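You will see chain A twice below: alongside chain B first, and alongside chain C after that.
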Partner chain A sequence: MLTVSAVYAGSDMLAFILRRLVQSVIVMLTVALVAFALFRFVGDPIASMVGQETTLAERAEMREALGLNDPFVVQFAKFVTRAATGDFGISYRLQQPVMELILSRLPATLELALVSGVAAFVFGVGFGVYTALNRGNWLSGTIMTASLIGVSLPTFLIGVLLIWVFAVELQWLPSFGRGETVYIGNWWRTGLLTESGRASLILPAITLGLYQMTLIMRLVRAEMLEVLRTDYIKFARARGLSNRAVHFGHALKNTLVPVITITGLQLGSIIAFSIITETVFQWPGVGALFINSVRFVDVPVMAAYLMLIALVFVVINLIVDLLYYAVDPRLRVDRANTRH
Partner chain B sequence: MAPLPNKPPLLSVRDLVVEFPTRRGTLRALDKVSFDISEGEVLGMVGESGAGKSLTGAAIIGLLEPPGRVASGEIWLRGERIDNLPREKMRRIRGRRIGMVFQDPLTSLNPLYTVAEQLIETIRTHMDVSEKEARARAVALLDRVGIPAAARRIDDYPHHFSGGMRQRVVIALALAAEPELVIADEPTTALDVSVQAQIIDVLKEICAERGASVMLITHDMGVIAETADRVAVLYAGRLAEIGPVRDVIQAAEHPYTVGLMGSIPTLTQTAERLTQIPGSMPRLNAIAQGCAFNPRCTHAFERCRAERPELIARGGDRQVACWLYDTEAQDV
Partner chain C sequence: MFMMPNLRTARAGLMMGAAAAALVLTSVTADAETIRWARVGDALTMDPHSQNEGPTHTLNHHIYETLVGRADDGSLTQRLATDWGISEEDENVWVFTIREGVKFHDGSDMTVEDVVFSLDRARTPPSGMAALHAAVEEVTAVDDTTVHVRMSGPAPLYVQNLTNTFIMSKAWAEANGVETSPNFAAGEEAHSVRNTNGTGPYMLVERDPEVRTVLRAFEDHWADAPEVTEIIYTPITEAATRVAALLSGEVDIVQDVPVQDIARLEQTDGISVVRGPENRNIFFSYDMTSDSLASSNADGNPFASPEVREAMSLAIDRNAIQQVVMRGESQPSAAPLPPFVNGWTEDMHAFGDPDLARAGELMAEAGYPDGFSVQLDCPNDRYLNDESICQALVGMLARINIQVDLNAQTRSLHFPLIENWETDFYLLGWGVPTFDSQYVFDFLVHSREGSYGSFNGSRYSNPELDEKIQALATMTDLEERDALIAEIWDEVMEERIFLNVHNQVLAYAMRDGINLDVHPENQPRMTTVTFD
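So, the complex of A and B:
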């Protein structure tokens, strides 16, 4: 039975990944449809490309040349094939290939999102565990109350407050931009390697991550309290395991299973919703690029951004599912094998 | 007060009181419970749900759930008082000197760790052995509790095992550090009838082998009859009767125990109806004055309603908390 379940586990895993991949492709195609509709039907692409003097005949010619008269399905297929190779056309506003624009801005957003995501996870889990284990003491109470503020204050207000305190009044940290940046490889511009780059990162990272941190903290606390009431924790205590082993070896691991999903999805929304933080701190990332594109109805950039965010969510979801698989042994075996 | 033989008892519980402070006053869940468990003995603890059986076990091992607390009384383990030990010292007793088996094997094991990990962790918490030695011990233990192909199955996760097998694993875990006393809290209640007997047998055998005493908490008189040496009957947080199993089963003295025994179907008797005790056990905030059982007792008289009966020694190591057996009172 053991060998059977091991074999099952292997093929199960493969089937599981394949199934998830197919689902991911379907999601991406759906988003592509929305992006394409945006592209094609929000305003007239020809009108945004040509000047005032172009004649109607010329416009019709262009329309034909660009394939805009082709059937919808054909156009969509073209869009998808191009998108798959990273070709989203030329930005109306900046007259540069959209993909190039996004790639040059992406490192800034990813660095910001990763730093604030990791910080949110670390502090969220830390505070969550602390408040769960020390219920009723004054520090836990203070943390819980403070977390309410974190949940209820809007992001832009937190950003403005931080700028006011740390940049304007105390003058400890810069209030905008990325500071000095250096290249890693050909195109990854990083601010993590310079002092001013790191200093510039602090305020936006806090702004972006605070809400996520309080969310993770409250989730970890609730989940941990739940786990601490389970029989296997009672049994672990009855076996005389140390508090440390019970809390961090047994309870925390079980707590983190559901927390992983939420955190993964949060990382997606951190990237997607960095728009506000990037605007407040004039952070030169894709979020700021997107906001400017909206202002100028730069449809190719908007469509590409939409696809990018969808891709981020899909990839993160996939990773989360795989992590689940790694953490929770119960998912690894065929359900039929649990009997006798 | 208890009749102590020459050998000092392994566990001695004296006037144990467990209370739960609530907003509407303090509830007394265990009221002056006293009993001994001697070395190698199996003491059965019976009573209805809520009588305080599990609570007694939790109090002994020091794992009462807050706000529950030991309000007074003493618990002695081999002459050492353990109810007032500092937390860290009590932790070292748990698992090492007192093991515990819980009711539901499906939820007693951490689903994210293999059986090997949980066993080795437990062994190494209490014994100064290498990882390899601990593993060898763990395999031997699993083998002993009847897990087939233990050396291979030890690396499986709990969900790979059936309920009965998991309870064997739980027993192995409880006995991993060779405790002197095992508290088994309804170890078979959650299992199929077909495996209940096996589990009880394994538990009894392995404890006998190691000379460990057992406190077997159950509401199954059949299990008690087959397994225990002595039996203690709890009612509403108070000890009603305690004595050798055969005596208590064949000639129960406390009216509650008599009713309890009468409600068990037997093959030899052909009764039309099983006897039934009228009413139900009182809630903790509504325990009658005097004897807790008096509102349901057919023999109750004035004294029962006024004065709480203490345990009265009846000879042959029997004790019963009932005024009917108060030999000093001449009018009975």
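So, the complex of A and C:
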């Protein structure tokens, strides 16, 4: 049964989504433009594509054939019209269609990002709660100190340290690669279903997730300490509830809203910033593909990767906006009221 | 935490098991041996002619074969050709005798038709090999074992250009629509990028670009079976990870060992390092003909003055660069060509200690007693420690009052500067795949015109010398030709067109018990691997 205000809210929702979509397209176009402007400064792809015997005339011919001599506007327009149909051209370096290349590398990055995101959330919340409840004990002190290392050490160094300890010295875990992979469906290659695949995932996931974990842990700890001081916790205790119920049922539950928001938004960063982790561990994802492409001035791959990352952020932001709209009743009521 | 079994122990266990089995069953002759081989980058493509690039050739040499091979000492060896020479009737024709009984991986026989097809494909654009075959006019099969290559003129060294030109199956290429090498601009992937059908000692089993490539020994190969029966090739970009993978026993051979890790790896139990000279020398050069330099405060062009060029050669301390920058891993030399290249002499190689007093005098004589400033362009990701070499030179030239402003950047920005004559002073490395001085002259000394002088960033132009260089290409009397090469080098060294630093040294690190020599073109062959 629809009330009048619900109908209004529905159409309002549609307008909201449409407005957001238009904004997203503008953002994507802007990213494409900025990326294209930057490519003019990464150098000449021809230099890495041909052997040293190639004559200057042949180089010039090749540049012409690839359209590198066209004016900026023409190159950009060509790129956008082709990209709109999902055609990002062919990689200068690997001679494969860019779309196919990126799709084949994407599962590796997404699995890594997801596992490290989940691990960061679980351990972050766990450690955060523990250190909030056990202030002053030695283990909390140790965790807090160790977490400082997590935020202050660069990812590259953490990765190399982990490799040194767990792969070289202890020889427990592999130092590089993704282990054995199997296909789910036609193109999703997963390492999660094989033992070597899971073993290979551990070190990169820790490296990538350590910063996020520290962030979440400190956030949870601060929020917990805040909430534990509030009146309703005192009342809960006064009602004679067990510590467990107070800590987890009342305190933790109320700290989680900001934590979930942060974790969601961080997922985008994890995907985007997996570049370093992927390089250190020779993880065959899109980040490593991007770095190799930059070295080779493989413009089609660089362009497609930047568009993909922009898309990830745009989609995540869109979902977050929609969730806010759905979750926060005040937003809807305000809008509905202004109509009357 | 999940425990991965100690790979070394597991391997030793396997080998012991195999040894025990061999004792019981004497009919077992050879153990299956896998080599896990890591280097910094992957082959760009499996297409045999598309890219003229080191790592691509290195991997393809295992799958495809060339007419002639290059031995570790740089000499030519038989491969798919058993004999070659210039025709006695016509000095413009090269005659190749093709090996009989060679099979492709798909089981078909290799014929002279395949050889003709492959040479034609390699010399037709957009093949990356075309420049090496520019002088070829026609390739014909004369009989079942003979192929004639007709050149536009006498080409006494043409066979040297064939060491990376692979032979592929004509029928297979036609069946899969890859009669010409893949075209970047065409926008689609060719079948030959990830599929192969060669005659080489190994067959491609799995190709996962930039992740893993697996090769298995081809049983019908014409030569003796190699000791290595399986190759697992994995690119590992990050230097620290590459070394760690060797130390943890996850790979057996690391081809690109970072200079700073060589000494440490040598002292590690269970790891050995082999070294050898690479076919690549590193040198500085400068614009010595323009009227003035864009990046300099000096009046006129100081590099045009022979005194300034001599002063710079007296200021550079090659031994210090070797010891401090290269940690001993280089061969300091004044000769602007690698030692095994035809034309190299001990005299060109020799250099004295730096003499700053004399250098200062020369600077004053040249009219620059207070020195001058100039920008040095340098790549930072192309050669071993390239940027550090340039930094060292900045300090050395400061002692004779040349203020050098260092501009180190990625190779894709650096090389166009040389190509477009936008640099006054630059670092360049040069390999000589033909192992003959003519290659150096053609690209670095000859005036820039047509296919000549494309890397001549010094703008040096000497019509008399150009004539001599062009004459080299068609001289069939090799003694006379060598004399002319020496004559040209005398002039080049006299003019100081190049300020050479050193020859690069290659180092491969491997598990103890594996024997592999350094290949001068950095193209190690797993067929040459032996086990203790």
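As a working rule, the second predicted complex is superposed on the first by the 234 of 340 C-alpha atoms of A that agree within 3 Å, B and C clash if a C-alpha of one lies under 4 Å from a C-alpha of the other, contacts with A are read in each partner's own complex, and residues count from 1 in each chain.
One rule holds for everything that comes next: a contact is a pair of C-beta atoms (placed from the backbone, for glycine too) under 8 Å apart; a residue touches a chain by one contact, two chains touch by 3 or more.
What you are looking at is a predicted structure, and each value in this text was computed from that prediction instead of being measured.
Contact with chain C, but none with chain B, is seen for A:199 once the two complexes are overlaid on the shared chain. In the superposition on chain A, no contact is made by A:311 with either chain B or chain C. Of the two partner chains placed by superposition, only chain C is touched by A:42; chain B is not.
Residue contacts after overlaying the shared chain place A:236 against chain B, while chain C stays out of touching range. Contact with chain C, but none with chain B, is seen for A:172 once the two complexes are overlaid on the shared chain.
Overlaid on A, the two complexes show chain B and chain C touching no common residue of chain A.
Within the complex formed with chain A, the chain C residues making contact are 1-4, 6-8, 41, 44-45, 47, 50-53, 125-126, 128-132, 182, 184-190, 193-194, 208-212, 234-238, 240-241, 244-245, 247-250, 381, 410-413, 415-416, 419, 430-431, 443, 448, 450-451, 454-455. Those residues of chain A that touch chain B in the shared complex are 2, 5, 230-232, 234-243, 245, 249-250, 253-254, 257, 327-330, 333, 337-340. Put simply, chain B touches chain A in their complex at residues 61, 63, 91-96, 99-100, 102, 104, 107-114, 121-122, 125-126, 149, 152-153, 156-157, 159-160, 162, 165, 170, 173-174, 176-177. The residues of chain A lying in touch with chain C in their complex are 42-45, 47-59, 62, 65-66, 87, 89-90, 92-97, 100, 160, 163-164, 167-168, 171-178, 195-196, 198-199, 202, 279-282, 284, 288-289, 291-292, 295-297.
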